[in-house]
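Below is one structure, written out as structure tokens; comments come after it.
Chain lettering (A, B, C, D and E) follows the sequence in which the chains are written, and residue indices restart at 1 in each chain.
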Amino acid sequence: MQNQSLLECKGLTKRFGGVHAVKEVDIKIQAGMRMGIIGPNGAGKTTLFNMFTGEIKPSAGAIYFKGHAIHGMKPHFISKMGIGRTFQIVRVFDELSVYENVLIGAVAKNFHFKPTREQHDAVRRILSLTKLDSQKDVMAKHLTVAKKKHVGLAIALVGNPQLLLLDECMAGLTFVETDEMIEFLHKINTDMGITLVVVEHVMKVVMELCENIVVIASGEKIAEGSPKDIVSNPHVVDVYLGES
Amino acid sequence: MKRLKTGMLLVTAVVFGIISVCSSAFAADVIKIGYTAPFTGSAAEFGTNGWRGIQMALDEINAKGVSIGGKKYTVEIVRYDSVCTPTDGAANLRKLALEDKVVTILGDHCSSVCNAISPLCEQFKIPGITIECAADNVTKPGNDFYFRMRASVGLMAPLFTPKIIEKFGPKSAGYLVVNDDYGLGLAKAVEEEFNKAGVKSALLETFERGNTDFTVNLVKIKQANPDVVFYAGSASEGAMILKQANEMGITKEIKFIGSEEMGEMELLSLAGAKAAEGTYAVALWGAVPEDFAKQVKDRFNAPMHYAIIFGYDALHVAVNAIQKAQSLDPVKIRDALKQTDYAGLQGHIQFFDFDGYKNQGKAAPSLIQWKNGERVPL
Amino acid sequence: MEVLFLQIGNGLIIGSVYALVALGLNMIWSITDIPDFAQGSFYVLAAYVGLFAVTLAGLPFVAALLLGMAVGALLAFLCERLLYRRWRERTFRDAARVQLLCAIALFFLFANVANALWTGKPRTFPAYMEGAVFGFSYMRINVLIAAIVLFVIVYLFIMKTKQGKAIRAASMDPGMAQVLGVNIDTVNSMVFAIGGALSGGAAVLVAPLYSVFPSMGDLPLLKALVVVILGGFGSVAGVLICGLGLGVIEALGAMYVSSAYQHGYAFFILILVLLLKPKGLFGRV
Amino acid sequence: MMVEVRNIETGYGELQVIHNVSMEIDRHEIVALVGANGAGKSTLIQTICGLLPVSSGTIKIEGRHIENTPAHTIIHHGIALVPEGRRLFPYMTVLENLEMGAYVEKDPKKVRSNLDWVFGIFPKLKERQHQLAGTFSGGEQQMLTIGRALMSRPKFIILDEPSLGLAPVIVDDVFKVLQVLHKEGVTILLVEQNVRKSLEISDRAYVLENGRVTMSGLASDLLTNDEVKKAYLGL
Amino acid sequence: MWNTNRIILGIMLFVLLAIPLFASSYIVYVVTLAMLFSMLTASYDFMTGFTGPLSFSHGAFYGIGAYTSALLTLKTGMSFWVAMPVSTLTVFVFAAIVGYPALKLRGHYFAVTTFFFGHFIYLVLLNSRDITKGPLGLGGIRPPESLFGINFGNMTAMYYLILFFGALMVVFLFVLVNSSIGKLLVSIRENEDLAQASGVNTAFYKVMAFSISSGFAGMAGSLFAHFFRLLHPSTFAWMTSEMIVIMFLVGGAGTLIGPIIGAGVVTFILELMRFAPEWRFIIWSILLIAILIIEPRGLAGLYNRIRGRRA
């Protein structure tokens, strides 16, 4: 297990029509890691994510999770194997209370005809962890974008994922909220041992949070390394940060 | 909020309207007779004609009044829509018998509905007279309370098929019928008679009620090329068929024999004399008094139709029975109906029990041919 | 061989009616996302208006046709203005369903109004032309010709004119079209009016071949719904091809398989196509 | 003053997104509007274009109020939008897309001359005017979108993320076009993620954070501002 | 909400139990039909109200259930008490087979496809004359065999039988809806992609909801067959399916109790207007449009609004 990576993709490719959205990307993610994926909009980050979670079938290449090939599997199956995710455009179960939102996350992973006491406990725990307990009876569609993001995170977390894929989870947050979120992510990484993969625009977040960064542009992986290496990589500065 | 108010107002208005209409008309000395028929949906045309005939009879009757035990009564018709579905028909009958307390019930026009209401007539001990249901099974397992004036399809077929065989001597026959109890039932009865006489069946084509284009069926008939085509269905669909068949020249090559609706005057207005020219049809009535035909024409702007005649006769038969019984007790009326001997527009009306039929009339149909826009009896 | 020729010809003529009703339905559906069942009843009312124009007012057939189209257009326009528009903003989840339900209610309403006003008795639309060729009367051939002419007109309208382009733009991206100065309300009214006119036109065209009665719109509406989905949204040619194709398939199916299921073949084809191509055969927008 | 936005508040239904935002754009200026994803930039633009109603505040173009007017009338005030994600009409040809840009222009001669003007700026569009817009590459589509916006000869043009998803070389082209337009006298509001580039070509800039304007001033000042550097340039 | 529902259901049950004691056989008959429709709309709500897709084939499943049950008892002499569960199960399995490919379609595509499926079933019932007797109508269906000395030949007994099964079904549906299954179904309605990403096997649950709901329609059909004892294809034509959708929306989607009441209200209004044969459906359509204008979310929405304003 030591040298085996938690998630690994080899030669992962996705074509829409004739266009390569993702082209032969290799990524290895070790258990317990905090990985960042950055790149300009339209670079193929979300497509990559969607292939990891099974929403899109790859045109070519393979994805292994804990050594099992998961490409081509249905999303709900991959989710049950231990990959949780949040969405770029925030998604919640609109006309349900926050509590029910999170409870669905718990029930979906581990079905009991009636939600068990343990499941209710887990929901409450996650709600207090994500600081949603004061709003647990509010209908999710009435929340602010930031709070909805927390709900999305809570739904993913309540299923005890080993790997959490976060698609632009900071977008739309204030600086203070961003700091809190970074702290929170650190906490779940160290305390709960959840491996994190984040797609981010806000460089500050990636710099502070991630140990390792993959840069994607036009569907191809152009660089990988520690935050420091990436910032000083002139190629990356060119395509992503804009040349000076 | 304004939206809510206007909407509420609308609903209240409608509901109030309904209640006010409902609670009117509870005058004394009224004999209530029920009528269930399709007034909406694809069979609405049948109800329309029956209701015309009933209205004609109603005015005549109320002009004179009905006297029972020296007391004058007027007749009132309570009519409900059955949409030609058995469940609605059953609801109508229950409402008529139990809520409106009518003494006799006329209707329905659809055999599927007649089959549903006939056992109920027996259950509630109230006589019912169907206006034009033709399926055999309506009076066959029969009960003492359900009456039918006309001959059913099974009774009709033996009466007119010999005339066809005698006249044309066909070797093969095709059938083009509406896909319901009436069309299929009649086709089956005619086919049986034909087969007995050695006439082979060439093909059976069915169509749905409400269909408008029959060219597909007609091309198939043209290809099979039987000596005669027997059509069973309504005049409205028959008229379209005649028009389309005429276009394709089928009616010139193959003898076209229509069921009773095709012998109605309204066929001329629907299909035109040209399309009908030379075709044959079964006819349920010979001639009606000219002034009656004129009254119908003036009042409804409608040509004569057997359903008008049946509706007219049915109400007269019912009222005659009430007068004969000198009572408003439905069972006594039923007894009087059994003794009916009435000279109606369609012919002599009597009810018989025979061969498993009960309370069955058997006025014999005749054959006519359309020539120059006239019904010419054969 | 002659039989085959006749059946294909008949299929094309029936199919052109389906296609005409479907074209309007398709435009309405692709722009407003409303499956406008009420088109079936505009069909009925237009036929009656055409009938009265000929029998009572003594107008020539072409005038009756235009009048029928105008009435169809007006009714559709009013329904959009007064009813569908209320729920256009889709501010709650079931708004789309409410529009669908409203369409069904309107369909019931108008068909029953026709029944109440003019009874269920079918009426004959007088023939306006005599004669036949190859077993098809001229009136019958006219249906096909007129349908194709109407299709060409609509095609040219939406491809070449400014309003037509606005309609197309609105069907692809209503928000952007608005920013460019396209009034969505006008576009919606226009599309409904065109749809109503096409349904009305189809009804008056076939009225002399058939009869005029309150439930005459049921079958054309059902088939048009199938054609819309088969043809896919936003394709004029797709609607024409699928409409005619469905007519021919029904005719041949009735000929060689069973005429009892003549109106069931549409279902088979629909399922088959949707399983293979969920966006219809020609769909793009 | 070309554009005056005063104390507007707006949002989607119950969710307020823009809080008391004011903004001014002078004639012939290029003004940049920068901010994180979800800061409310797109909402602000949609409000100016009439796609969203304001709950309070005013928007004036050359002194005339345009807040809460229907979206399709905004273009009559000389405003054109280059939307985020391009939003071309994919099944219409290049020419038709451009014609849609001049939808409100009644005079065909003017449309013709506007078309020549746009073809002059983007010669490539002329070569391929009968091709379907949906078959274009990203960069070409961006050019077409700008061309479409220019077809109404706007006095004021709003560009929402014009460099989104484009290769760096193409981004350069886009910015060059902006400078050309600026020289032609068009007022420009530029909303960009590419903060450095947009500040470089702008006269002034506003920084939007969480629905509020937190900084504003000359673009050159902001470019050297440490806070901006840290927040948006990650340096 | 759960408590209010219990109170409303309790009152309804009480009233329904009492009706045959004083009302005429006409009222009992109409209420029986209304109860059957309530069963249809409640089961319809389980699928459409909770998982989302609008379907127009519920009337067809009702018909399949009715004909299956009737034919089983007529042709094989099977007892009603066996035939009813068998036909329910048949419809359940049949719906699963049909639903699996069909539920891959989304939105109006699914709606229109089910519409034609319903019409197709009607055509099959109409044209399979050798089996269903087609338009002649399938008569001679026996009432359920006596049980515990109750003779189901009389209508009141049949009324209570349908009430019993209706109540049983509603309770069953309420239990399902309030269990984890209900939560997963609602998650599909609220956001299918998120549900899938959270580990919900959406395809399975959609087909399951479709099958259960259709199965109950089949059960209602079986009860209808042995109550009315005469089947005709027109009873199960597209009009029936549309009526179910209308009652469902009038009541309010996704509330289970709304559609039950909706069925009652619609039946009641249509009965009330029986006196005006030609105008019945006109008034009805206008009322329906008026309801849509006043409160597009149906009776449940109206209730919530009134309650919300008072609070």
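Convention: contacts are C-beta pairs under 8 Å (C-beta built on N, C-alpha and C of every residue); 3 or more make two chains touch, one makes a residue touch a chain.
Not measured: the values here are computed from a predicted model.
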For subunit A and subunit E, chains touching each: none
Minimum number of chain-to-chain touching steps separating subunit D from subunit E: 2
Joint neighbours of subunit B and subunit A, given as chain labels: E
Furthest chain, CA centroid comparison against subunit C: A
Farthest chain relative to subunit D (centres taken as mean CA coordinates): B
Interchain centroid distance [CA atoms averaged], subunit A/subunit D, Å: 32
Distance between the centres, which are taken as Cα means, of subunit D and subunit B, whole angstrom: 73
Whole-Å gap separating subunit C and subunit D, where each centre is the average of the chain's CA atoms: 41
Sequence positions of subunit D contacting 2 or more other chains: none
Shared-contact residues (touching 2 or more other chains) in subunit C: 112, 115, 260, 263
Per-residue overlap in subunit E, given as positions that touch at least 2 other chains: 126-127, 278, 281, 286, 293
Residue numbers on subunit D that touch subunit C, as the complex places them: 13, 49-51, 70-76, 81, 83, 87, 89-92, 96, 99-101, 103-104, 148, 152
Interface residues, subunit E side, partner subunit B - complex: 24-26, 29-30, 33, 126-127, 129, 134-137, 139, 228, 230, 232, 234-235, 271-278, 280-281, 283, 286-287, 290-291, 293-295
Complex contact set, residues of subunit C against subunit D: 91, 162, 165-166, 168-169, 172-173, 175-184, 234, 284-285
Of all residues in subunit E, those that touch subunit C in their complex: 54, 101-102, 104-105, 108-109, 111-113, 115-117, 119-120, 123-124, 126-127, 242, 245-246, 249, 253, 278-279, 281-282, 284-286, 288-289, 292-293, 296-297
Contact footprint of subunit E on subunit A as seen in their complex: 53, 55, 74-77, 79-80, 84-85, 87, 91-96, 100, 103-105, 107-109, 111-115, 152, 155-156, 159
